[in-house]
Amino acid sequence: MKLSKIASILECEFSGDDIDIEGMNALKDATSSELSFVANAKYVKDIQDTKAAGVIVPESLVEYVPSGCVALVVENSYWSMAVLSKYFAPAIEDNTLPHAKIGEGSSVSDKAEIANGAVIGKNCTILAHVYIGANAVVGDNTILYPSVTVYRDCKIGADCIIHANTVIGADGFGFATNNLGEHKKIYQNGNVVIEDDVEIGSNVSVDRAVFGSTILKKGVRIDNLVQIAHNCEIGEYSVFVAQSGSAGSTKLGRNVVVGGQAAFAGHLEIAPFSNFAARSGITHNIKESGKTYGGFPLMEQRTWLKLQAKIARLLKK
Amino acid sequence: MKLSKIASILECEFSGDDIDIEGMNALKDATSSELSFVANAKYVKDIQDTKAAGVIVPESLVEYVPSGCVALVVENSYWSMAVLSKYFAPAIEDNTLPHAKIGEGSSVSDKAEIANGAVIGKNCTILAHVYIGANAVVGDNTILYPSVTVYRDCKIGADCIIHANTVIGADGFGFATNNLGEHKKIYQNGNVVIEDDVEIGSNVSVDRAVFGSTILKKGVRIDNLVQIAHNCEIGEYSVFVAQSGSAGSTKLGRNVVVGGQAAFAGHLEIAPFSNFAARSGITHNIKESGKTYGGFPLMEQRTWLKLQAKIARLLKK
Amino acid sequence: MKLSKIASILECEFSGDDIDIEGMNALKDATSSELSFVANAKYVKDIQDTKAAGVIVPESLVEYVPSGCVALVVENSYWSMAVLSKYFAPAIEDNTLPHAKIGEGSSVSDKAEIANGAVIGKNCTILAHVYIGANAVVGDNTILYPSVTVYRDCKIGADCIIHANTVIGADGFGFATNNLGEHKKIYQNGNVVIEDDVEIGSNVSVDRAVFGSTILKKGVRIDNLVQIAHNCEIGEYSVFVAQSGSAGSTKLGRNVVVGGQAAFAGHLEIAPFSNFAARSGITHNIKESGKTYGGFPLMEQRTWLKLQAKIARLLKK
């Protein structure tokens, strides 16, 4: 989409070449054909370093936009980004794409729906009522149980098992809110990438990224009714027990174990081999590997146990 | 159904005209062609004021039934109401209803099931494995992702997005229990009403009302794996983050924000613009607007933070 | 499978007759044609008493294997059990089984998938997008709402109602982990047995047993988004409120009431008529009937209330 058209949609001006914008991305990841945005002064450093062709920016931050990067100055940059995101959202289905490719030896139920553009590997088992969206990819030997839904553009590796009624790649929970309290959807134009040898239980939600990918690395194990929000990255062989979850953009190292009903806040970094007891509430980064935590607020699990004993003594006072 | 037939089902007597009863409803909402019930002395005021044609009532409360309202006196009125509710439950599907109407420009997958009596607006996208029940209504431009289930009689507004495997209008969790500990289902003969511009994530459960409607007002945003129980009313632009929920009959004002894994007890009233931190447990009404709460038991979030610091000091004692 | 083949798969030796092994089972339940395993010295007693034909065992525990029971000595017996479990897993679907039997008066949507070998009783209602697996059994008058998935070999009783998008019999969450942190799936070759008059809400996950059965007894009531892990046994008329759950192998007596978001650890025994407040965290056995608990750590609910009052006083210090 031409910059001039974008400026017209956002009702703002711009100066510079009327170049073609291929998509939107985060400040850090945007390429010279992508547009980015900034809504918060704490990202000043990222503005200065961005490679983006242009950036949607409030008046107060325009001075940090590097030369060569077009500034689209708007009142509410987060809202404007939401408005624009819709224009970069691909169609849900696209019948101009080629028919789905099904690998040799794969069994696909005639009650499954495989959208045009999808590619399914060899020796897969795709059961009834599965939906695989446009351009989605499923690796060899993977089993999708009934009513699994894989949204468009998502990639599932080889030797995976996904249990019934799990949803891969629904939209992340993103919207801007104006000062009337109204919400504007931020279209989630990224995807989900699941590597090889991953098993996911039933009724799980793994959301697609707003930009880029939500990633489940090799060997991850996810139990039932788990929430993985947009842009999370789950390290190799990490384990989520039932009804646990993570808010957006949190990154786990390998072999992290997350107990039942435990949950991570967003935008955290968690060291490998960390263990979290059931119902832990994790709201800060974990830098040291190999420890076991519990409680909410979070503390080392042995401290939590000690603290509970101290608390119980209050009854005697 | 004639009162005489109802009396016969409930094995009780009645005096007065053998009028025709069209349905059951709460004491406050019942009309002169509906039957109601009372199981608890705390609703004495509601009995006295009811407009119901008749009321199922234990011997101990019969004196409060107003003249002109028929008293059906039974031993266990809650159980009797459950017994009777089945007789007012409509068939799950009804092939005598007219074929579903699909609005102009709508795309409906041939692997979706649209029951007779359903009405779908213009420019909707109904993907594979969606189920839309009898007499359900879907507004213009609404998108239902794969395996969304909409039970009969539910209404979804215009410009809504409902993500995969979400269930709208399953039965609320209602049953009577006798003194042997056995349960009797209370048929949930109400519906769900979702207004315009609502987005709901994947694997969400919004239950139908026992009587009347469970309501999600305009602009509501619901993340994945959320529970909305029967007869809740969720105010405009309110937000539920993943794995949160509400028990039955709780009413939220507009722009309430509910953090991840937070939950409301039933029968509460929550002031508009209230915020609840992740994992809040809300068990009482919130009367003042615009405050932020956390913890379980609930307190203001800043108090909760202060309290956690105090609790941590116990370790040093 | 011949013992010699098993020894070859596990790369170990064996002495004794090359008998035919029909399956795997727990030490306590294995018959003389089944193989078992032991990974932990705390099960020494169970090894000595086992009726199993053979047992996979580490060197350190071989001395406890009774005479007449073949010892298959391996380095990591839990991992070896996982490796072997795959060989005893039945095919997901089996077209050599006879066509499904549908009882008189049952209505089965032509958009449902009923696998070969399934048996459906009389007067059932099976809605669109339901999946019923090989050899699964559904009793008379049972209603399965859209997109319910019943995995192979599971049994559902008469007069049951299962709401949309619920999954019965997906694999329990079982895997062995080696010292590189890699996981090996333990195939879950048991099933789920649901007795008569059970109602289950939407988006519920009831996992199949690793060996034997996960059991929901007569009259159980389960709300939405609940997790029942492998090998649980839920007593008659017990109630799980929304978003609650139980880890594996926990056994509840009759009429236990589990509040919203409450959860049980695994391998517990819970006395009948126990009540658990919302968000209880139950990590130990409950031996005395009829009490009410709350909190995490768990305590009697009245104690929890008293304790919260004491904790609140810390704010004044």
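The first chain written gets the first letter, and so on, giving A, B and C; residue counts start at 1 in each chain.
Heads up, the rule we're going with is that a residue touches a chain if its C-beta (ideal position, glycine included) is under 8 Å from a C-beta of that chain, and two chains touch if they have at least 3 such contacts.
What you see is a predicted model, and the numbers here were worked out from it, not measured in a lab.
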item: Same-residue or different-residue interface between chain A and chain B, half as cut-off; value: different
item: Copy-to-copy rotation for chain A and chain C - C-alpha atoms, rounded to a multiple of 5°; value: 120
item: Between chain A and chain B, centroid-to-centroid distance (C-alpha), Å; value: 31
item: Multi-partner residues of chain A (at least 2 other chains); value: 111, 129, 147, 165, 203, 225, 243, 261, 311, 314
item: Chain A to chain B touching residues, read off their complex; value: 92-93, 111, 113, 129, 131, 147, 149, 151, 165-167, 170-171, 173, 175, 177, 181-183, 185, 203-205, 207, 225, 227, 229, 243, 245, 247, 261, 263, 265, 281, 296-297, 299, 303, 306-307, 310-311, 314
item: Partner chain B, residues of chain C touching it in the complex; value: 109, 111, 125, 127-129, 143, 145-147, 161, 163-165, 199, 201-203, 219, 221, 223-225, 236-237, 239, 241-243, 254-255, 260-261, 273, 278-279, 308, 311-312, 314-315, 317
